[in-house]
Amino acid sequence: MDQQPILELKNITSAYGRIKAIRDVSLKVYPGEVVSIIGANGAGKSTTLMSICGVIRPEAGEVWYDGARIDGLAADLLPSRGLCQVPEGRRIFPRLTVEENLDMGAFFRNDQDGIERDKNRVFQMFPILLERRKQHGGTLSGGEQQMLAMGRALMSRPRLLLLDEPSLGLAPLIVQQIFRIIREINETDGVTVVLVEQNANLALKSSSRGYVLETGSVVMEDSADALLANPAIRAAYLGE
Amino acid sequence: MEFFLQQLANGITLGGVYALVALGYTMVYGIIQLINFAHGEIYAAGGYMGVILISWLFAQGFPPFVCLGAALVLAMGYCALLAMAVEKLAYKPLRQSSRLSVLLSALGMSIFLQNGLMLTQGVYDRAYPGEMVQGGFELGGVMLSYMQLIIVGVTALLLVALNILVYKTRIGKAMRATAQDKTMSALVGINSNRIISITFAIGAGLAAAAGIMVGLYYGSVRYDMGFVPGIKAFSAAVLGGIGNITGAMLGGLIIGMIEVFAAGYISSEYKDVFAFIILIAVLYFMPTGIMGENVDDTRV
Amino acid sequence: MTIRASKLWFGYAIAMAWFYVLLWPLLGIKAQGLEFAASFAIWAKVAAAAAILLVLYQLKQAGVFGFAAKPAEALGKAAAAVSGRVPTWLALTLVMAVAVAFPFFTERYAHDVAISVLVYIILGLGLNVVVGLAGLLDLGYIAFFGVGAYTYALLSVHFGISFWLCLPIAACFSALAGCLIGYPTLRMRGDYLAIVTLGFGEIVRIVINNWMSLTNGPNGILGIQAPGIYWWNGTGFEHMWLNSLEQLYYIILGLAVFTVLAVYRLNHSRIGRAFEAVREDQTAAELMGVNTLRIKLLAYALGAVFGGLAGTFFAARMKFVSPESFTFIESAMVLAMVVLGGMGSIPGVILGSVALIALPEMFRGFELYRMFVFGGVMAVMMIFRPKGLWPAKRLGVRSEERD
């Protein structure tokens, strides 16, 4: 690739209190890609995403997005630059309505018409949300909340989307739907996607490249196909 | 029967005041999980600003209602600035500290502000020059003073305005979102520091209005006037469900009613005790309140 | 460095402007017109002090004080080494010797202050058991002081029961009050506990204030007896009233020493460990077999006992009690002593009490500003030194801290 990466982590070390959650993590994501970060529970995948988004401030290393350094920036400055995360557990606002949740996704935007258009598009993608638009987010099922979380992220017109465990706790049918949408926004809108997943199989099948995280460090990096074929990976993460 | 209606009228008036102050407690607790002990002192500061401003404006020759209107606006602004300063100096640096630390800081600020009022305004009651809002009228055997009507009117106006702000505007939705999940609100681009400041400012403004009106009603203010009403207003907030704005309004009304009726029918010396007993009872039997809590129960 | 400097002074300018806007209306708007002199005078002093602090801070950041840092550090190390070498028993004996000899080389006024300090030391140590050891933020602690005081007052005035007999009786009543107040709070979370105990403190005060038939309400109870003892006068035992300040001083000194010893033993006992476990992590403590509900009640009761003892003495010394002495401000003051001195630390609490009572006495005219300053200091301490002036020493080291 001779393009500039849209996201680059250089030797990031972040801690949770006194415990070092990730050490010396480096990775690159190029525009238009779908890249997976796989690893067991507690490997540091969520910490990595939170370090990118400024929720956790890295102790060492640099985070570069779109040619600018963003580590140390306040988290709320990133969505307007096109960097958006759908965190683990969906985290929709439980006592806001579906529609209000979507509005919050577009909070930093001022173009009312654009916001309305995007909202309609989200309702087209996820008709169930249209049906439940006046309901409080907390009353939705897990799958519906995931759709709402993704819709909310799309409302910010992201250029880089970080997804933390989108399949967690969801029925297979819903998971298929979600991943179809991920593929769609990547191919149609050119949104670069970083996918963090415990379900390595699913993640790698939807990505072009992957990173493997183990106890806070990157232990392997390769194309998705190569990882899927790798016997060590198959044994550890693909259940064989 | 007339006695009952009289108590009802008084209860609504008092309930309105408690609702205004309770809102400040509930909004702040909802967003940063802090019992803002200093809030009672903001209410007292509002009361003082009322006396100070109205006395001055009246002496300059403005008609009473202009004095009241201007004083309300100015005092609300003043208390908003005061509350924001307190937040920035004493609470914001402790956001990552233990709950105990910030609670003690709030307690310290409460003592600091109360004594500050005492040092600048004196230990004794400060009275309005002459009777500001005199008289009233009778309606069906019930004595209603004009001041009572003003209190109920202004309170209703402010509560409606708050409702519109919180439920219909972008900023209001952002306030609610931040209260429910601070981290996620940052991830969608909401500057939580600014929202927290705004929350403090609004709560303070409402308390200031309550303080002025109470001062006018009784004809005087005192540096420690915020202490007992503060606890009662907090009880109201908990009764309605901490963090829940509608709950705070409802809770305020209920506490006001209970206090007035208890004072009227049972005993007036022990009326303060009733609010405290309700607080303890609610926290013991129904800690989530009547309408349910509204706080951020997520972790990073 | 230049960027930070300009940011610093910009922030200073905004802060000072904001301060003036908040200060002026309180002092400058009078009915006859608007004045700026008084508020400006105060503002100027504060702005100057803040500017000086800011300059010192900048100099420190630039390393200007480096030349003084090394010798200061060496001095500190030397002092620590010296005090480390003095055996504790020696230090304590010296302190006790000074305390016992105190009345002989001071006059009435100092005795008065010393008695107050000792009363507050007992209160502080008692509250320390609840707040510092067990982590229960009790904002109504003064109620136990009141229970003790009124118990002795009533028993003394109505039944003539002696001071010494009343001490344990008041202790029991206070312990009972502690259990009653503690019981509803057992399952509440920290911040709610604070406000509920505050409510209870107020309830006790209001009840005392209004129950005329029992407590005589706001008029208080007069004519309480002083402590009396039987003294050998050569031929037989004679009854003497201990009225003088010196005699009272030794009684309170004895009570204070008793309290210090009791709290010290408590600190280093299994119960003390259990208190700390509950303070640090209730769920974990429960899972390790600590009956948290019973431990919390015990903490309230024990803390209350000391409050009751202090209260009994207070009533005997003043010979008069009224509800005015048991307001929330008193609770807040005792709490300030514990927090500023060092939560969970015996020398810290003693230091806090001395600071809060003796210092204002030494700087006369400071009396009015006492709580104003200490309120502000309490808030500032939480930011810069949350553990207090003389923090409690941790027994043991956490595994994360070791690496």
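Note that the chains are named A, B and C in the order they appear, and that numbering of residues resets to 1 at the start of each chain.
Just so it is clear, a residue touches a chain if its C-beta (ideal position, glycine included) is under 8 Å from a C-beta of that chain, and two chains touch if they have at least 3 such contacts.
Remember, it's a predicted structure, so these values are computed and weren't measured experimentally.
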With contacts defined as at the top, give the pair, B-C or A-B, that has more of them. B-C
Closest to the centroid of all CA atoms, by its own CA mean, is chain B
In whole angstrom, what separates the CA-based centres of subunit A and subunit C? 52
Rounded Å distance between subunit B and subunit C, as computed from the means of their C-alpha atoms: 30
State, to the nearest whole Å, the distance from the C-alpha centre of subunit A to the C-alpha centre of subunit B. 42
Scan subunit B for residues touching two or more other chains and write them down. none
Going by the contact rule set out above, which residues of subunit B touch subunit A in the complex? 170, 173-174, 176-177, 180-181, 183-192, 294, 298, 300
Going by the contact rule set out above, which residues of subunit B touch subunit C in the complex? 33-35, 48-49, 52-53, 55-56, 58-59, 78, 81-82, 85, 89-90, 93-94, 97-121, 129, 227-228, 231, 234-235, 238, 269-270, 272-273, 276-277, 279-280, 283-284, 287
Give the list of subunit A residues in touch with subunit B in this complex. 50, 53-56, 74-80, 84-85, 87, 91, 93-96, 100, 103-105, 107-108, 152, 156
Which residues, counting only subunit C, touch subunit B once they are in their complex? 18-19, 21-23, 25-27, 29-32, 34, 135, 137, 139, 184, 187-188, 190-192, 194-196, 198-200, 202-203, 206-207, 210, 328-329, 332, 335-336, 339, 368-369, 371-372, 374-383, 386
